[in-house]
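The following blocks contain the structures, represented as structure tokens.
You will see two complexes here that share chain A, one where it goes with chain B and one where it goes with chain C.
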Partner chain A sequence: MLSYIIRRLLLLPIILLGVTFLIFCVFSLLSPMQRLATYVHDPGSLKSAQSIERLIDKYHLDDPFPFGYINWFKRILHFDLGWSQAANQPVWEAICQRFPATLELVLYSIIPVVLVGIWLGVISAVHHNDMLDQTIRVAAVIGWSLPTFIFGLFVLFIFYGILGWLPPCRLSPWAQDLVYTSNNFRSYTHLVTIDALLNGNIPIFWDALRHLIAPIITLSYVEWAGLLRITRSSMLETLRKDYVRTARAKGVDEHTVIHLHAERNALIPVITIAGMLIIWMLGGVVITETIFTYPGVGFWMASAAQQLDYGSVISFALLFATLMVMGNLVVDVSYALIDPRVRLE
Partner chain B sequence: MKRNLLVTVLILALIAVFASFSFAEVKNPDIIISVIKEGVETMDPHWANDNPSMFEVISNCYDNLLNYKRGSTSEFVPMLATEVPSVKNGLLSEDGLTYTFPIRKGVKFHNGDILTPEDIAYSIKRALVFDRAGGLSYLFFEPLLNCIGIEEIACKVAGVEKYSDMFEANDPRGELKSEYKEAMSKVITDYVDKVVSIDGNKVIFHLAHSYGAFLSIIPHYCPWSSIIDKKWAIEQGAWDGKADTWWKYHDPVKEKDPLYQIVNGTGPFMLKKWVPGETVMLERFDDHWRGPAKIKNVQTKFITEWTTRKLMLQTGDADIVSVPIQYLDEVKEMEGVRIIENLPSLANILFMWTWTINAKGNSYIGSGKLDGEGIPLDFFSDIHVRRGFCYLFPYDVYISKVLKGKAMRSPSPLEYPLLGFSDDPELYYEFSLEKAKEEFEQAWGGQLWEKGCKFNINYPEGWVEHKAACDMISTYAKMINPKFEITPVGLQWSASLDAAWTEKCPIFIYKITPDYPDPHNNIQYLMGSKGGLSGFCFGEAYIKFAEKNVDPLIRKALKETDPEKRAALYKELTQIAHDQAISLYLYQPIAHFVERNWVKGWYYNPLRSSDYQDFYSLSKGE
Partner chain C sequence: MNRTIRKLFSNASSLVGIVLLIIFIIIAVFAPIIAPPLSDDPYQVPRMSWNVNPQAPGFIMSDNIREVYDYMGKNVKQDRAICGTTEGGYDIFYGLIWGTRTAFKIGLITVIISAFIGVFIGSISAYFGGWIDEIIMRITDIFLSFPFLVAAMVLTTILGRGLDKVMISLITFGWMGYARLIRGSILAAKEETYVMAAKALGVKDIKIIGKHLLPNTIFPVMVQVTMNIGSMVITAATLSFLGVGAPVGYADWGQMVSFARNWIIGSPGHAGQYWYVVFYPGIFIVLFVLSWNLIGDTLRDILDPRLRGEL
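Take a look at the complex of A and B:
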């Protein structure tokens, strides 16, 4: 297993090089004038031919492709991720500011996604083809096919617009003031709910949680359906296995058969999917973050891509590719640990 | 059973907790929350060229020498200066070359430093030295140094063709070659230092030539002339004011600009915190020279999603919200919300045509010939073509149906109420298919009518109303002659930069907002041979026309200091714009403003889009 892990880790730099090179290639297809759009949002600021020439020179927009990539690469080796035009701050700062927000949202969302998805998947499999199973499957199809932005707007409209309970953004103004400017609030993890508890500030904890609930509901409802289907399918297959029939024949009660014997084995593929889901969500849940104005990486990346801010896109791709590779590795290893029949070659 | 009871109690408790956060009277009474669509880009007044930075933050944190009289675009009142220079009070020389500003005493910066004339002189000089590409400092160069930028002066003094030639590896941000050091120092000692001097408590500007618009580039809402604290700026790493270092501080990249995320002005608000992409928090400066503002805190949030902004307004979590025109009806019946409409805004929407089109890689002009399958490169150099299109457009229908009446006809490059604006009915092209047909029949010796034409008309992607305008042109053109095939094509911003600013677009619809409310800004930009748009996007044929027919009048109007005489000259220029159909001037938008009715003190300022506020005048209460 160790050699497997090392081999996978050795692949990481090659993957990162490939990903960044590919993105750079795509951006280099744009002309210097097109790439100027990253730096000029108002054409009124282009007062003369000279100002355009100066801008193109200043940002090296007409550098031949290999030079541009090499210069970027040299900076990366010095741990300089460059500047994000979309975020108006260094890329590293932008990541440090926004990634914890997405992480917080994802960590809270994954709990209902996994628990509800698995729970309902098991129930659905156990009550195969009866009314309960059909109802759950219909709900799953709705969740699976409902566009995130529609459901998100619905949640926003009901729980905020009408009831006023679950506001958008990350914090209320008074809480933002405290968290961002007060010397009495220390950010340990940059996960506001955790930091609030660590600071012993319960009002901020509740405020942060209140702002999280609507995006969690939105994200969870859309994602649990996928996990439910896999759990159901895996559970159905497991329930047909000989050892389950044997357990029942031996007189083991149904609860034990399902939850102790069948479910544990059925969850092996589900863990794989759940692991990948977490990684995917960490890449930014753009639509949810946009609707709820939640300041995470997804929203930032969408803006960066629109503005052709390739510096931000490439740097974040580095981070995300690393997460993906490491996440995949963890999932594969845990798979092997859970199921002794699996050999990692 | 017990578990069910516990769950029910928990749910009820949560409901009670959340319900307590629900609607309340005058929410957040000590904070005004303004929600805008775009984020702030910088705090540095000499960098700023975007509306949120300029109008939402910088103009609330920094002051200028003068301000505009409330609601006016041409009358000034003192701000950090104690008088507005005029010939009458002797502070403006009769030849228009010297402006003297007596400086207010006892004004404090946010850090407690006292304002001195040195701060003002430094601020202006720093603007000249900073002169970033795409910035607005260039506005000082024309009146003060009769050039377009500091690099031009540097090249002239050093005797080089390109500014970068003076640096190692041709990198202007690298090391200066030693042989140019003396010449570069002279840029400051012989030029920059001479544009502004100090005499006791007075700051004196020395212009290179008479410039009727000079006071319009000085006052509030012109961030490039905001006054910064010299001592503080140098401590932060900005230019040290010396002649032998200035190039190190010239046109930096944003990450190297020491003032990009900090503020120290004399304005009524201090910067508390800027979280890029999220929010800017300002707090009241209690030692402001006009007296402290009524509101203690201001928070500007950047929210692109319209539904979210609307719901925040509805629930009272936002006090002021940016509402696009197409969504105005959604807030009209909203309880507790006040809407103020019919505010003329300083913006102009026009179709511009390229008199000499760039053929290189151009897919917008078909065959490139007048053969029915395209248009020739000089298609729009024929006045009958231009006039034909001017008669082709259904202006009133467009304003009433597409813009829902939220616009007024704009007959010229000048908007109401700029100096020189004329409402003369003769300046308005009427919608007349008959007249359009007559013009097109005369165009290109009759060949256009006989053979037809085929080309693209471009608009910025996402602008629904601009697309509608292009569709109308296309439809009516085909209506009068089925051989006229004009296809609207939406361009992403990056593609439009590449197409319009390299003279590839035959016709392009565009919105301009002036940098300052003086007719020179509009006329030069839209008509001058060196104008930012006309000199750059209209092509060689237009430049030649403008050099002969437009530039002399522009120069004359600029040098004139008598407002009445200037107005007459600009009217003459707008007549030329009409007669020559230089562009198809469409409309001037009518703006609106939306706030919660507990916000008090708002007033309209046409210089500052209604999306951005003067928080000093605002308060909250029942």
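Take a look at the complex of A and C:
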């Protein structure tokens, strides 16, 4: 077990190095002038040709590829990711400021994905080929085919346009004033719902929650469908195993067979997929936040991409890839902990 | 093979998929007849008015635009926006029809090229094994370390707007799944006696891969190809929706939905006033993707040996 974890940990820096190399290759497609724009926050300093050349020299943008990479890599190690025009602040600062909002959204979305996805998957497998199974399957295929951005617009239309229940953004104006500008609200975690509870401020909690529900629905819907499919096929396979038949033959009641005997084994592969799905959510975050103008990293990324703010865009690739590599590691290790067969491979 | 096709047609859900797909093929083929182009580039959606606000279905082309076309010597055959116009007066109906061609182009080209690259890389990796396999698989891991949408978005932003750039990005980050899939199958198949026999006879490596191994292992890749056409179209549409995909005015469903973003809420007191700006392009995307997924889903169930005989 330990050797497996050590092997995975040793691979981690190699993968991360490869990731930065690939990102730098993409970054190098830009001209030195375009790359320079990602470091300069005062357009005035780009007026004369001499100062441009001096700056290109300063940031080693015209160096041969390997040297350029080493210089760029060094700056990254110091969290110097350049200047974001879209946010009008250093990229790293902008990331730190916006990340908690995204984290809050993703954390809350995991709950419905896992609960609903697994629950429906088990039902679908137990009622194999019934009307119920067919209905759930069709719903899953439709969910799988429904682009997040169309579903999100639909949610926005129903719950905000028609019903007016779930407004976009992260907080209402009055709550924003209280949370960000007044001194009566202390931010412990920067997750507004949790901070509100810690401050004992229930109105803020409800307001934050009300703004979160629509993005959560949007972000989780497509993922339910994926998880449901995996749970269903894994459960179907397990229900056909000999030990399940033995349990039934002994006269164990159906509820115990399904929930105690079959489900436990069937859910092992599901855990990996659930981990993967949560990682995939990172992509969905960009769409969801854009639709609901939710001020997280994703929303900022979309506007940075539209404004051709290359420095921010490249940093996102770096951030999301790092998160994904870490996430994969956690998934693999937890999988090995749960299922001893993995370690032997 | 015959059994597979028979099953595809006898299963209700895949039959729906096939019928939908045939309808889309007809729309794409007859696009110039259904919606005659008004400019030299047929993928440029004609405008029906200069007004920013969307116009309701049945809107008739405004006079000042008709004058422009008359001046250019174009004969306006269709002056009624059957499905209304989206932001900026772009004709929704025209965009839907020509967008079908765009969707087929994106889906088929990206999936076929990336499957080809993936199969090539994966089969080399599996067949030669050893350090070649190790290096290729680590490179694959690196490409897999990016969320697909984010990677495609970043590369498209760097390359610049345009459908060709979108396709390059989708292919660059879309081949790894196929490589892993074919690698797994070939690793199992290369131990079979027929491969040993071919090797003993001195058949060249390339010929063994191309003539013996691939025909026996390619089927799961085909299923994956069918399943991925839909998701590639979704990703391309998402890029357009986020404003980094097709250029403004290009016949692309994703972009039509992105126009809708500002109008979906409607005006105060008239919620859903502009329902048509999202409804029509949305329904086209969903049905297109659904048709591929229905076929792919059934195909996978048919070919999955664990579920064989259960359908």
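Note that the second predicted complex is superposed on the first by the 282 of 345 C-alpha atoms of A that agree within 3 Å, B and C clash if a C-alpha of one lies under 4 Å from a C-alpha of the other, contacts with A are read in each partner's own complex, and residues count from 1 in each chain.
One rule holds for everything that comes next: a contact is a pair of C-beta atoms (placed from the backbone, for glycine too) under 8 Å apart; a residue touches a chain by one contact, two chains touch by 3 or more.
Quick caveat, the model's predicted, so the values are computed rather than measured.
Once the two complexes are overlaid on the shared chain, A:L30 sits against chain B and chain C alike.
Of the two partner chains placed by the overlay, neither chain B nor chain C lies in contact with A:S187.
Shared-chain residue A:S145: touches chain C; no touch with chain B.
Looking at the shared chain after the overlay, A:G161 reaches both chain B and chain C. After overlaying the two complexes on the shared chain, residue contacts for A:T290 are found with chain B and with chain C alike. Residue contacts after overlaying the shared chain place A:L153 against chain B and chain C alike.
In the superposition on chain A, A:G18 makes contact with chain C only, while chain B stays out of contact range. Using the contact criterion defined above for the overlaid structures, shared-chain residue A:Q50 touches chain B, although it does not reach chain C.
With both structures placed on the common chain, the touch criterion links A:Y310 to chain C but leaves chain B unconnected. Once the two complexes are overlaid on chain A, the chain A residues touched by chain B in the first and by chain C in the second are 30, 153, 156-157, 160-161, 290-291, 308. Contacts from chain B toward chain A in the complex involve residues 17-19, 21-23, 28, 31, 33, 39-42, 49-50, 133-136, 138, 148-149, 151, 164, 172, 251, 253-255, 261, 272-273, 275-279, 281, 297, 299, 301, 303-305, 307-308, 311-312, 314-315, 317, 492-498, 500-502, 510, 512-513, 515, 525, 530, 532, 535-536. Across the complex, chain A is touched by residues 13, 138-139, 141-143, 145-151, 153-155, 157-159, 230, 234, 237-238, 241-244, 254, 257, 260-261, 264-266, 271-272, 278, 282, 285-286, 289-290, 293-294, 297, 306-307 of chain C.
Every residue of chain A that touches chain B in the complex is listed here, in rising order: 30-31, 33-37, 39-52, 54-55, 57-59, 83, 86-90, 94, 97-98, 153, 156-157, 160-161, 163-170, 172-174, 176-177, 180-181, 206, 210, 290-293, 295, 299-300, 303, 308.
By the touch criterion stated above, chain A contacts chain C in their complex at residues 14-15, 18-19, 21-22, 26-27, 29-30, 138, 141-142, 144-150, 153-154, 156-157, 160-162, 233, 236-237, 279-280, 282-284, 286-287, 290-291, 301-302, 305-306, 308, 310, 313-314, 316-317, 320-321, 324-325, 328.
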